[in-house]
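Both of the next two complexes hold chain A, though its partner changes from chain B to chain C.
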Partner chain A sequence: MNKPILLSRSNLILFIIFLALIAFPFVMDSRTLTILLTQILIFGILAMSYDILLGYTGIVSFGHAMFFGIGAYCTAIMLNDFESTIGVFLGSIVVGMIIAGILSFLVGLLTLRLKSHFFAMLTMAISGLLLVVAEKWRDVTKGNDGFTFKAPDVFKDRIVFYLVVLALLVIVFITLKRFVNSPLGRVLIAVRENEQRTKSLGFKTLYYKVIASIVAGVIASLAGSLYAVSLRFVNTSVLTMEITLDALLMTIIGGVGTLIGPLIGSVVIESAQHYLSGLARDFPIFERWIIFFGIIYILAVIFFPKGIAGTLQSKYYQWKAKKVQTTNVVPLSKNKESSE
Partner chain B sequence: MDLIISLVINGLATGMLIFLLAAGLTLIFGLMDVLNFAHGGLFVWGAYTGIFSYAYTGSFIVGIVVAILTGLVFGFIMEKLIITPVYGNHVQQILITLGFMLVLQEMIKVFFGPNVVAVKVPEYLAGSWQVGDIIIIKYRIFIIIFGFIVFGLFHYILTRTKVGLIVRAGVMNKDMVQALGINIKRIFLFVFMTGAALAAVAGVLMAPYSGSIYAELGMEYAILAFIVVVIGGMGSFQGSLFAAILVGLAGSFMAYYVPYLSLAVNMILMAVVLIFRPQGLFQAAKG
Partner chain C sequence: MMENLLKLDNVNTHIGQYHILQGVHFEAKVGEVSVLLGRNGAGKTTTLKTIIGLTPATGGSVTFLNQDITKKPTYDIANLGIGYVPEDQGIFAQLSVEENIKVAMKKESEESKEKLEYVLNLFPDLKKFWKKAGGNLSGGQKQMLAMARAFVNDSKLLLIDEPSKGLAPIVIEKVMEAIVEMKKRTTILLVEQNFFMASKIGDSFTLIDDGKTVHQGAMKELIDNDEMKHKYLGIG
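Now for the complex of A and B:
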């Protein structure tokens, strides 16, 4: 990269935030806040994985919940059927990731050659189909009633689980950062900017899009596994459109095409959900807090296609140095539809 | 035989409802190149406003009229505020209409409450006829007839009138229509409002058919409508009728014989069509 000073400074900030997050549960002895933070981190992982598709490759998937759900069910079922130990927990994460990887490969191969409309519809439909299967297959999933299971003993302590999730988030963040900055990640951005042109430069775009979809699916499955353990309960709600919508809102509001954006989005949405639902006792309108986010989301798509992180980042770059090209963030609005 | 006839009637009735929803979707896509993910929201708004005014006045016809008005008003607002800023950018269109869907669905809960609302069939359409051993439910026949009337009416408008000519020409090549001095933007608005009204009517007709309505219903039917639009071919009016009936029949037969597969069969149909004929069975000629 040609801007080591900038990078090291932003890395320093991230590192300080990371240290603060580690210290947090020891300083603030609040169970509710720890749980909320865990939730934020888990959805942060999900939103980052979604951003690989939406922000970096420029494809809109409405079926992301299926990978999340697969992870959640894998972990829940394995912890329920076998002993609930760390080993089984890690094994279930790996199994979930493998299944999600295979599924996303198949779905991707089948659907990614289609135009954006059809892809969005087809992923929505496949994810809907999986939800129906989970509802009907009651022997395994217990349907909408769901089932509780025992988490490994180590995770009885909320703080330990929080730290594990935090560590995984950092690993995922660094891995994805490497991924999007790799030559392969650059090709994905090229696909987003102009697929036709990328194709004519000799890249097999389908191949790259399938890879992006596998990476996103695998990471989403990890988030699902963690989510199931954090609740010690799973039901078919992990497969619903709502999960996809959450990821979508976080990514759009936080900022597409940056990895830090989805994390910011996760903080905003999850804490708003937490606090606004608290306000609902006095003001019933806050029961439907999602409306505000729907409206903010619509406004963001029209006016701030870069989201919070993207807007701040480009402001910062403009202010900092005009000679530094903002290669990292190119607004989604410039994303010319090339598939037509 | 009796069984088959009643399954066919079931399937046709469901198919007609899906057709009303899909017709608007397919025309909007064909003409404006916009895939409206909020279509299900208009559907459920039609159902709620129609049913509440039906309960208030006691007249189902008033309910239908109110639903149509709701559809027109929402269509107008939506085209002006939501669709116009994102013409030509598919990714943004998908994102923004889905966001609007979310808002519409939650607004239902704000205005009408989050609970499931039970709906009765109006008296003169309730009950059934018995022909031999076959029991024919009146309301289903009503839906089928209504669906065919709407199809006939729109088919007439599309093929015999000047507006229809412009719309068909617009589906083929909108730049050319624009160049011939016709304000295509106004046609867009008109088609969008009509599509929204059709979705709203489908909603209010569906309510007594299924017996209860709830906010998430829109999404469920919207998925069926998407499947129909894909199978029938984007932009094709006849295609969506054919595909809607196909999906309706497949659903009703599967629900009886292989209940586990009832939703899967539509998905499989769609997947097969997309893989082998991505343009759909009936593709409207594109210039």
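Now for the complex of A and C:
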């Protein structure tokens, strides 16, 4: 009989980590760490959305920041222009997701017919265009100077906001896990592995790639909304290439096509950024922390070519296969005896 | 007289600047195994790719079930009932055997379940390695999986490209037996270099040379014609 999926070992580990994360702000009374962890969770959501594109469908997008930025601006503008209530906050998330969904549908439809590198270049161009629009449309966005806004009162307590973000991350994780394990998710993996072969099985691959693009865009918008509330400030930096590169690095370092990998990548990158830049107070060389960050990235790619989660996963499978082989081996002498 | 399922009429195909097919014509009849024969580089694989729409024809016409499919996209052609087993098998390496087959099945119905059972009886190895990743199968198992996947995809015509390539003789025999069995339920168009295999299972043949059809007829005719075998296949 199959073991119920909810009781599997990996789910149990994830559940324990989830409980530890809930307990964290109550055990460690550190505002800085709570804020850092909130950032890690938000970028974890963004990186998971990028994994749907890169890891599960094989699409390299350099324009993912545009959806993140849309979410951030929708929430910031609505909380600034209307009352700062939970209702408006939730409404802004929905509006952001709808706009991001429509835009990712249009961008996907126009660009996903192209070969991968042309697609990547075009997404970068469209994202760049949106950044220019945001910088010039100062009446609404206040350009690069940005603007502050009031978050709903309930989020004044950083722990409450942290717990909300954690809950949303869990919901996104479970939803995406179900999505990639569904028949539709299998087709996405098939597209990544061999698009021509998938077409010759009767699948209109563009349709599936557009679906992946919409799912990724909508989730990235949610991450953007949460990011804006975490800072209570927004400017055009939410639309820059750096955001896309962060998501890309988190996914690659953590392990593409694993969903859990991008979360690990988010922990590594956000912590590295935080601690390396913090060291600059004592060691001036760390003012150029980006150099050390680059070294970490190079080392990660050399020692974990499949990403941290991917490498651990394949080591585990190797160990399991070895174990099965060892238990199946019958000593030659014993084999001989039994045949005699 | 048996009905034509597939008809190619003066098909021309360009890949980039190269004119690969320069007038291919032949018919595949319902319930037959038709074999495309010819030297390396003659245009056999391109012919299959042209039929399935991966390298669309630039001239001539391809008719399937009396419908012109020359300009149709690959997914439409596949959905009309043409299954394709490429030379490299095209297995989705990270998906398990089960997932590889279920992706192709699309919707589970009584008919597809019956087809799946049939194909698993034909290739018991697939049942044995049901949960194993496609990329970890042996060459022979990959070939079986590729054929099973194309077959469960509700195919009225199976295009199989060099199923014996790189396989051990004992595995080739299994593949041959499977093709003979599958023939009872579907029409097969086979590209094969191994003349022994082709002559055993083929009902008709089409000889392609330099991108052109040079001869078409019953397989028996070719078996008895040493001159033709020597001239176009370098055997006999």
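The rule we apply is simple: the second predicted complex is superposed on the first by the 295 of 340 C-alpha atoms of A that agree within 3 Å, B and C clash if a C-alpha of one lies under 4 Å from a C-alpha of the other, contacts with A are read in each partner's own complex, and residues count from 1 in each chain.
Here is the rule we go by: a residue touches a chain if its C-beta (ideal position, glycine included) is under 8 Å from a C-beta of that chain, and two chains touch if they have at least 3 such contacts.
Treat the numbers as computed from the prediction; the structure is a model and nothing was measured.
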item: Which of chain B and chain C A:I174 touches, first, second, both or neither; value: neither
item: Which superposed partner A:I291 touches (first chain B, second chain C, both, neither); value: first
item: First, second, both or neither for A:L90, with chain B first and chain C second; value: neither
item: Touched chain A residues, chain B compared with chain C; value: B
item: First (chain B), second (chain C), both or neither touched by A:P183; value: second
item: Which superposed partner A:I13 touches (first chain B, second chain C, both, neither); value: neither
item: Touching residues on chain C, where the partner in the complex is chain A; value: 52, 54, 73-75, 78-79, 84, 86, 90, 92-95, 99, 102-104, 106, 149-150, 153
item: Interface residues, chain A side, partner chain B - complex; value: 58, 60, 62, 110-111, 114-118, 120-122, 124-126, 128-129, 132-133, 136, 241, 245, 248, 252, 285, 288, 290-291, 294-295, 297-298, 301-302, 305, 332-333, 335, 337, 339
item: Chain A to chain C touching residues, read off their complex; value: 183, 186-187, 189-190, 193-194, 196-205, 257
item: Parts of chain B lying in touch with chain A, wherever the complex brings them together; value: 29, 35, 37, 82, 85-86, 88-92, 94-96, 98-100, 102-103, 106-107, 109-110, 219, 223, 226-227, 230, 234, 260, 263-264, 267, 270-271, 274-275, 278
